[in-house]
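For reference, chains read A, B, C and D in written order, and residue numbers begin at 1 within each chain.
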Amino acid sequence: EIELRSDTFTLPTPAMLEAAANAPLGDDVYGEDPTVAKLERLAANLLGKAAGCLMPSGTMANLAALLAHCPRGGKAIVGHESDLYVYEAGGASMCGGIVYEPLANLPDGTISLEDIAEACTVDRTDPQIAPPALVSLETPQNRCGGLPLQLDYLAEVAQLTRSHGVALHLDGARIFNASVALGITPAEIAFYADTVQICLSKGLCAPIGSVLVGDRAIIAQARRMRKMLGGGMRQAGMIAACGIIALTEMTGRLAEDHEKAARLARGLARLPGVRLNPGPPITNMVFFRVRDERYTTRSFIAAARRRGVRVEELGHGRIRAVTHAGVSTDAVDRAIGVFADLLAPTGR
Amino acid sequence: EIELRSDTFTLPTPAMLEAAANAPLGDDVYGEDPTVAKLERLAANLLGKAAGCLMPSGTMANLAALLAHCPRGGKAIVGHESDLYVYEAGGASMCGGIVYEPLANLPDGTISLEDIAEACTVDRTDPQIAPPALVSLETPQNRCGGLPLQLDYLAEVAQLTRSHGVALHLDGARIFNASVALGITPAEIAFYADTVQICLSKGLCAPIGSVLVGDRAIIAQARRMRKMLGGGMRQAGMIAACGIIALTEMTGRLAEDHEKAARLARGLARLPGVRLNPGPPITNMVFFRVRDERYTTRSFIAAARRRGVRVEELGHGRIRAVTHAGVSTDAVDRAIGVFADLLAPTGR
Amino acid sequence: EIELRSDTFTLPTPAMLEAAANAPLGDDVYGEDPTVAKLERLAANLLGKAAGCLMPSGTMANLAALLAHCPRGGKAIVGHESDLYVYEAGGASMCGGIVYEPLANLPDGTISLEDIAEACTVDRTDPQIAPPALVSLETPQNRCGGLPLQLDYLAEVAQLTRSHGVALHLDGARIFNASVALGITPAEIAFYADTVQICLSKGLCAPIGSVLVGDRAIIAQARRMRKMLGGGMRQAGMIAACGIIALTEMTGRLAEDHEKAARLARGLARLPGVRLNPGPPITNMVFFRVRDERYTTRSFIAAARRRGVRVEELGHGRIRAVTHAGVSTDAVDRAIGVFADLLAPTGR
Amino acid sequence: EIELRSDTFTLPTPAMLEAAANAPLGDDVYGEDPTVAKLERLAANLLGKAAGCLMPSGTMANLAALLAHCPRGGKAIVGHESDLYVYEAGGASMCGGIVYEPLANLPDGTISLEDIAEACTVDRTDPQIAPPALVSLETPQNRCGGLPLQLDYLAEVAQLTRSHGVALHLDGARIFNASVALGITPAEIAFYADTVQICLSKGLCAPIGSVLVGDRAIIAQARRMRKMLGGGMRQAGMIAACGIIALTEMTGRLAEDHEKAARLARGLARLPGVRLNPGPPITNMVFFRVRDERYTTRSFIAAARRRGVRVEELGHGRIRAVTHAGVSTDAVDRAIGVFADLLAPTGR
């Protein structure tokens, strides 16, 4: 089976399993797991921040960040196509009484500066108005084709948020993909944000975990929130050990995933009825639509599945195929072959 | 001073004051105030619903409705220009853990049926997704120029929400203005909604209060929420008595307000630099922009104020002027005169 | 009918109705109702605080105070027999994510200083612990027999809370009864608390409303919360006018209520099977139990009701009878007569 | 160093590390990790329930259970000494708007049936009252000396809760200790509860994780809550593999921990100034007080630490020492020796 649904399907590497078996452990709820501490320092350093906190998931890392930044009744300004808004069950409203203010994501994953400025410009003395407390961006942005945000855009947003006294959070679940695609370090990207969430279990292949990084005070707050949410894990060094491998040995390999995505996209673009959307991939995600009267989106996905290729619908009738360590170049070619068969005049 | 900032500035009439002084009273927290009960029945009947509940404000009526309809973590689909979303402090997220999903209001105050359908069409078994629980519409819609929604639009939305098992709430703070403008009864409008909020203290001149109407079960729930929020008032018959006058004697007079708004709009449209936006009023609100290099929006409002005419900014640099019982036709003409002076070539 | 269920059943006086009819009014949501402003200043002055905010109910005044004082996830330490904990629907948890920590009320309405100290003494750096943010006391305490707290007790609690950086809120719904009973001014009582809630619609006979008083900053916060909860009322001067009469003309009469309660208690204490609990009244509430094999508490209340005397069960099988302006001395005597009949050897 | 602070300090066994390295894995957020599925079935079977859900911590398992059982504004009746109330940061109020109603734990860890009955007996139609939705018990109860609840007590509580339509949750973090101590199966204990939380990382030595078990519907709800809280973990099979060893190979060894605790208690009881409280241990926890004028509780703990023995304060000035797989009988004897030295007439 060729698994293209998500890079979350990556499996831990042998080096990770060995690291997990040999890591010094402690009770991290008491703050005494040395391997967790090492991972948190490592992640913070890589992102150029003072502190980090291991979380069981990116969802919790994002949620803890919003809870740490936003008071009850404050507004979190988010992209309407951001994973944080679409796929994280409204946790900030439920757990924190925070109001989401979704603004339109443009096709490149940005939110217009004008929209952000307007959302930030409110009369904070007016009790009718939920005051904005945070802007969240995502890079690369999953539902916008995995496109990475440009540094100058981040700089402009940061200037805007700072001038309004509003925090800037970055959902950098795949920030290393953005880093590779843009040819800059993750710290250069993270520089503009107050907090950044990075995911260890996607392209980097760790089995579990995300790290939230930021300054000491905000991470201390997020750590409180982690406990309250139930994300304090005992001998978490076992998964942190895998995360250390992820950050030290696995970021380099993401370029391969991008090449495989480009290869897949080229193959797909040649097929009848396939249209890439928003266009050729820049990171490891290929989004496309299929226009073929023999298929609905759903039936096309099912037909591919019967032929051993797994992809999924990801918003607005688009199909997403994600490359990762579990998908070889050969598998990419075989997947193209399956899609070609399905769309051939005599296919299905 | 000519008060055009809002129809909330209306004062109770002599008949109301007399009714308040003579109303039979009881303790409404015990459910024993006969005047409150009478008002609630009256409002319910006028709107064609089974039950009503008096609230200290429209904000609480809307909030109690959302809390009654939406579970914790459910989504309330609202217009991004609706008063409920813009001016009610995010109460549903804060008090109920409800996620607002603001959708774009079109210039006529509607939300496109496609957008509503898309927001309602989610995989309810997917724990990533906050499930939609309610759609809220507003008629006439304040921030869309006070335009009333058309019955066929309401019918289409109701069909959609019903097919998705989602409730439909109507913020009908000024539903009697919509009724007068469309030449239909308020019950014809309310027919499509599961709950409707009506405000007694705007054009209808009661000093305090809104009523939420709906079926018995939902109003019982909303009544619980009212107590929790602190909206249970003791001898509330004193304000209910004014509300009864509002509903029985004051709805007819709204046509005058609409005429005065039209008159004001005609006067404004002739002035240099004034542009009505979205266009001529249909109810009692005139929205306009001023383009005159001598003024910002803010300084224009301040200049009018110094001349005894009060208007306010109401979103996106527009100025709003609202007619009501406290503004005579003569006052409208004087206001036009003030605006004309300010915008005259030699003005300011 | 003799209404002894609660002093909330009091009706507005003719002077109040006249004041309501003649009060200068404005839109209080814009902060422009002069009568509301006058009431808020008056209440603040009477309680020795800098600012006040009119609320539609004591429930909202208490809730807004807790929301203003306590962050999300903070603890509100309350008496387990306090009205705020027992009868206000858990609003602080629901609207604010605040954790109630109910501590045992002693029979005199106090909470032991040891218990308060222990609840306040936590490791605030430990993310396992919800940090205490507020202590709330009630005086006189309804469910503890309407007993007023002593000044030295308040002073000791205030010293304790201050030393722990925890706010002190006082539910003074009936603070004027406490003031009369103790022969001191309300300001002397309020002195120790950061915020105090006073109710206008109980013994003071106003139809609607409570006022929350405190320093400017906390009242500004509470005012924000009031708007969010839906407690912003338009021409609220109409009820504020009654509140002004309540505070200026009605506090003196509470001594009569206390005398009537004492008279009622003396009458009851002589009846077979009646036991006052906790003992003779100090304010306007008589609590008693009936031990008579012919009755349950419920059936005794129903029997009294059939004879025109209304009382209610108020916790732990006790019956409460409250005196107020609507209950004359003669009515007290008639009520005693009814109870005597019911409990006479041949009664029922 | 002899680690007696908690059994959470246990480390994974070699068998666990090997199982983790060899477990078949999948993406559990997609529900496709076979090892997680196997653990969840195993836990459910062991506890006699239909379904289970792996959680990153006991805190989340308890929180998800409360969120699944209790509506917004409902009451969770809990022991005032329960870990869930004392150490879990008030999560249910913050994330769910749930009101905690702590009732007094008796020295044996029970809550009196009378108290539970009274808390459950409310007028559910009264909007003043937060309606009870759940009772939570804990066995063995940490802060009550690790004493297990008796089956007949559980049966009586279950009958009570069922008769009131209230759910019964059991915090069985150490249920296997209770099972061993009482000589019955965990399923016999779990039988009475609607949901049970079991912890894998305490005496059972797994590095991470708790499992919540119950019927299919409630576990489906809890699974939704897990996602929202951020407890969905990707290749969670790696920790589930350890949990499988915990449940299949490690429960038998808990008897040793109990013997070591008894040995430690006997040694302590002989020392001057030491008083066991509540008494001799029944499971793996020894609670004691030290009365020696040379020490405060805090300085005694510090002195022991300098001598290589770690214990901690656990409420009301008591010291807790917990035995587990990381503490040999010899270590117990050495710890007794250290305590003896410290308390010897010439010690310190």
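Of note:
Everything that follows uses one rule, which is that a residue touches a chain if its C-beta (ideal position, glycine included) is under 8 Å from a C-beta of that chain, and two chains touch if they have at least 3 such contacts.
These numbers come from a predicted model, not from an experiment.
Simply put, of B-D and A-D, more C-beta pairs touch at A-D.
When chain centres are set by their Cα atoms, the one at the greatest distance from chain B is D.
For the pair chain A and chain B, the distance between mean C-alpha positions equals 40 Å. Centre-to-centre separation between chain A and chain D, using Cα means, comes to 34 Å.
Averaged Cα coordinates give chain B a centre that lies 52 Å from the centre of chain D. Residues of chain D found to touch two or more other chains are 72-73, 88-90, 94-97, 127-128, 224, 227-228, 232.
Under the stated contact rule, the graph of chain-to-chain touches is complete, every pair of chains being in contact.
By the touch criterion given at the top, residues 67, 71-73, 95-97, 127-128, 223-224, 226-228, 232 of chain B touch chain D in their complex.
Contacts from chain B toward chain A in the complex involve residues 72-73, 75, 86-90, 93-95, 97-102, 127-130. By the touch criterion given at the top, residues 5-6, 8-9, 11-12, 17-18, 20-21, 25-27, 29-30, 55-64, 88-91, 94-96, 201, 207-209, 224, 227-239, 242 of chain C touch chain B in their complex.
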